[in-house]
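Shared chain: chain A. Partners: chain B in the first complex, chain C in the second.
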Partner chain A sequence: MLSQHTIRRRMAASTPLVLALGLLAFVLLATTMGDRATARMATETLIRVTLVAGFWIFVGNSGVVSFGHAAFACVGAYVSAWLTLKPAMKGTLLPGLPDLIAAADWPALPAVLTGGALAALLALVSGAAILRLSGIAASIATFAFLAMVNTIWANWTPVTGGTSSVVGLDRYVTPWVALGWAVAALIAASLYGLSASGLALRATREDEVAASASGIDRYRHRLLAYVLSAFFCGVGGALMGHFIGVINPDAYYLNLTFLMLAMLVVGGIGSLSGAVAGVLALSLAVEGLVRMEKGVTLGATTFALPAGSQEIIIAAAMILVLIFRPAGLLAGREITLPARWVTGRGTTHNGPATDRRET
Partner chain B sequence: MSLQLLFDALSLGGIYAIAALGIALIFGVMQLVNFAHGQFIACAVFALILPSSQAVAELGLGRLPTPLLIPVILGFGAALALLAEAAVFRPLRNAAPVALMVASFALGVALQNLLLVIYGSRPKAVSLWAGLGHPVQIGGAQVPLLQLLVIGAVALILAGLALMLKHSRIGLEMRAAAQDFGMARLLGVRANRVISGAFALSGALAAVVALVMVAQTGVADVRMGGQIMLIAFIATVLGGMGSLAGAVAAGFAIGAASALLQMALPAEARPFRDAFLYGLVILVLLFRPQGLFAPAGAKPRV
Partner chain C sequence: MVLALEQVGVAFGGFRALTEVSLAIPPGQVTGLIGPNGAGKTTCVNTLSGFQRPGSGRVLLDGADISALPAHRMRRAGIARTFQAGRLFGGLDVLDNLACTGVGLGQRRAEAEHAAQDLLDWMGIAALASRPAAGLPYTDERRVAIARALMGAPRFLLLDEPAAGMSEHEAADLAALIRRIAGERGIGCLLIEHNVGLVLSVCAQVVVLDGGRVIETGDRAAILASRPVREAYFGADQAEAA
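Then we have the complex of A and B:
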């Protein structure tokens, strides 16, 4: 007979599997049933899963809201662009790049990995300062960090192109590439959440004083989660760039911060499944609202929401969730396989009662 | 030169201090880091003008004579803050500080986009009190009249607030609530009254900042609240969260630092001034994580 503990661990470990299968079904559905616009929407959604799963690694486990993760996405995107753009193009577009980078003509994968790694390095340096602060003060410091990175990126014109966009990125991100990274991010997030460090960090989230009395070094675990989380946000940012083909600093500023935060809050900060549910729910909502902003024809009249109403509606939804369902749609639960499946015995039914995701 | 610098530092620091006070007041009574404060400022700016797509804005409320205009705009700021409190923050009264902060961030985004929907995204030129740009000679320094007025107004507001907090009943209740909200309520302080009072004051202070910013820059921009709000946040963190005096002192310190940086940095580094400023603040916090002027009771008790 397996111990209760082992069963719980196995159930928890099944979360990324269930989520990955759910995303796979989502991609299959979108690519086979829908048109090109639907496939684009699916890719965008999966990139957001990468971003938000990365974001969750830090925010979900530590309970500290970070406003700075869009900056890591920014760094990841620009590093990947610097490394993959054709040298001739960089010469005219970004004359200030150092020779080594200006001559680089890397393939996509190492460039994305380097983008994530440099974002993680930046997290290590900035986190070493910011994460010494207590919860709310740390949040404000991450906001200052975001503004700092944005100020630098918007003004360092010879290297970043300033506020004008960097164009011509290789658009290699298909729904399948995005799915691969989303699944990787989910597995990493889940592994971290189950690791000793993840558990320790969640203990500090629940009760800081009791955790430190039990000998948990809050700062160390926070920093580890921050660095890991920045890696996937960096990757997500790079994927965004290679999906649209154009990057500029303002695409990685307050709007992205807001969207990532809204997704996490709506789905529920307390669980990885919640983060994914939030991405899916809000991506569908954003898609619908964008179409409404473009105009919907009803009979003879065309009805269009004014630009900006998308953000207003999402913000209102976020506030309503905070008021009426403060723990988010999934209320901190994880989607797992049922206990009898992971014990390897008992009967398996045909109808899986696994997917508890609410619609 | 140095006198000029002093006036720059004082007027800039004064505005930062007023903005920081608006945030610290609310944080003091309900542990809310109000990310919508910058949008309160922007809304008060846009309340002056009429919606139009033109680059030069037509004044609406801004056409009122000054003695009437100032109380009307302050009242507008206070009313907006009270409305926000009633609609968003009252239902969240018992929520965790993190949830409050996230809600205020969402409120800020909603307000900003509301301005965008009504007024469009294009920055607009606003000519309010155009005569105040006039320079005045003081001891060899050329100081714009507006700067002097700002310094005077800030001094007046700070003195008035200090008197109010020290001597009036609502001021006493606010200070009590900032110390220990639960205990204050048990002793007969009415929560709604104190919190509404803090929001109204904070909104009025946001309107003061709005008026000064419009007069100084002559522009109404949907995004204009963001930068000053960030600096005000930094001032409240540096000042030790919840300490009003600390927030004011830190606001002045940041004003001085940014005037100094503006002068000391070589021309090509000047666009990065704010980045240096934020970096400087993170550095300071490394050495004093509890803030420069942390109140004695800032450490959470078990």
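Then we have the complex of A and C:
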């Protein structure tokens, strides 16, 4: 007889599978049923899943809100741009790059991976200082970090191009590439949540004092989650660049920070499924409203929302979620396979489709 | 193998919480720590478990000075504690609450869960394993907190008012559990309690604190006969009359 706990562990392990299948269905629907704009929206949404799943690894498990993860996306995007742009272009656009990088002419995939890796390295160095602070102080320090990175990127013109855009990135991100990365991020996030370090980090989220009394070194686990989290945000940032083909520092600043936070909060910070649900809900809502701003034609008349109503409606929807469902749409639940599927034999459990997360 | 405070002083601003406190916790038996409210009992536990650095004096484990270790390192050195408020990880289930200590001590998650299950069995509360820790009844919460502290075979266990709010019957069960922890597991326990009857019934040695100073150390008979103890608890007049 499997213990209740083992069954729940197995159900938790099925979460990335269920989420990946959901995203696969989403891509299939968007690419076969919709127009080009729908396919673009699907790709953009999947890139956001990568970003927000990465973001969740740290924020969801540690309970520390970070405002700094857009900076990791910024670093990932620029590193990938530096490595993939044609050397001739870099000579004129970014004359300050060191020779080695200026001569690089990498394909996109290794460049994206390197972008993620350097974002992770930056997280290791900055996190080593920031994560020694507790709770809200750490959050404020991440905001300062974001502002520092943005200021450097906007002013280091010979290397970053300053506030003007860097153009001509290889647009290699198709919906399928984006799906691959989103699934990779979900698997990594889920494995981290199931790991010893993930459990230890959630203990510090629940009660820092009791966690120390349990032998848990809060700093170490936070730093590990921060670095892993930054890797996927770096990758997500690079994918954004390779999707639109254009990057500039302000695309990775406050708007992106608050979009990622909003998605996490709307979906529910307490579970990975919540993070994904938040991305889908907000992306679809924004897409729908943008189309309505452009106008919907019914017969002879065209209805259109006034420009700017999209932002107002989204803001109002978020406030409503915060009031009526403060723990988010999924309220900390994970979407899993039903219990009777994961026990591997017939049992009498009537497994619910969602189970209160064991975390 | 002894855990000890040696001439420890702790001050919060101008308030001296502990003054030259010395006490020793031997293995395999229960040492009591009693005293009126504000006597410095919890400060003693905080100092012994790395949550409070002593301003003067030393914390010794087998003669080695461990005063400067942070709390999580103290736990890894084998000094476990519980809290007055329980402080379970409310969002996690009971088994995971125990497993947190296992992974904190360096176990893999599966090992930690296995050890947690064994410990819940030993304590007779295996049925609670998959219950969320938030919302447990009071006595169960206390038992889970003790079980969590027992993960990874600590050498010392500091219990901060584990019987607070318990009925006589529940306190008697707790006393039996504490005797088993010291007897079967060889763990040196420090029991802080307001329930003096409970302390005298399970403790080989009792240390009495008042105003941040040790006013008496001894066995049951010595404590009952002690004039300073009666003065601290009943005031000088009643002590005179008794």
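Going forward, the second predicted complex is superposed on the first by the 325 of 359 C-alpha atoms of A that agree within 3 Å, B and C clash if a C-alpha of one lies under 4 Å from a C-alpha of the other, contacts with A are read in each partner's own complex, and residues count from 1 in each chain.
Basically, a residue touches a chain if its C-beta (ideal position, glycine included) is under 8 Å from a C-beta of that chain, and two chains touch if they have at least 3 such contacts.
Keep in mind that what you see is a predicted model, and the values were worked out from it rather than measured.
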Inset, instruction - In the overlay, answer first, second, both or neither for which of chain B and chain C A:8 touches. - result: second
Inset, instruction - Report for A:136: first if it touches chain B alone, second if chain C alone, otherwise both or neither. - result: first
Inset, instruction - Report for A:69: first if it touches chain B alone, second if chain C alone, otherwise both or neither. - result: neither
Inset, instruction - Would you sort A:222 into first (chain B), second (chain C), both or neither based on which partner it touches? - result: neither
Legend entry - Between chain B and chain C, more extensive residue contact with chain A: B
Inset, instruction - Could you say whether A:209 touches chain B, chain C, both of them, or neither, answering first, second, both or neither? - result: both
Inset, instruction - Give one of first, second, both or neither to describe whether A:242 is in contact with chain B, with chain C, with both, or with none. - result: neither
Inset, instruction - Look at A:90 in the shared chain and tell me whether it touches chain B only, chain C only, both, or neither; answer first, second, both or neither. - result: neither
Inset, instruction - With the two complexes superposed on chain A, say which partner A:322 touches: chain B (first), chain C (second), both, or neither. - result: first
Inset, instruction - Scan A:258 for contacts with chain B and chain C and give back first, second, both or neither. - result: first
Inset, instruction - Pick out the shared contact residues on chain A: the ones touching chain B in one complex and chain C in the other. - result: 209
Inset, instruction - Report the residues of chain B in contact with chain A in the complex, numbered from low to high. - result: 31, 33, 88, 91-92, 95, 97-99, 101-103, 105-107, 109-110, 112-114, 116-117, 226-227, 230, 233-234, 236-237, 241, 271-272, 274-275, 278-279, 281-283, 285-286, 289, 291, 300, 302
Legend entry - chain B-facing residues of chain A, complex: 63-65, 67, 126, 129-130, 132-137, 139-141, 143-145, 147-148, 151-152, 155-156, 208-209, 254, 258, 261-262, 265, 306-312, 314-316, 318-319, 322-323, 326
Inset, instruction - Would you tell me which residues of chain C are touching chain A in their complex? - result: 49-51, 70-72, 75-76, 80-81, 83, 87-93, 95-96, 99-101, 103-109, 112-113, 117, 129-130, 132, 148-149, 151-152
Legend entry - Of chain A, residues touching chain C in the complex: 3-5, 8, 194-197, 199-200, 202-203, 205-207, 209-218, 270, 332, 356, 358-359
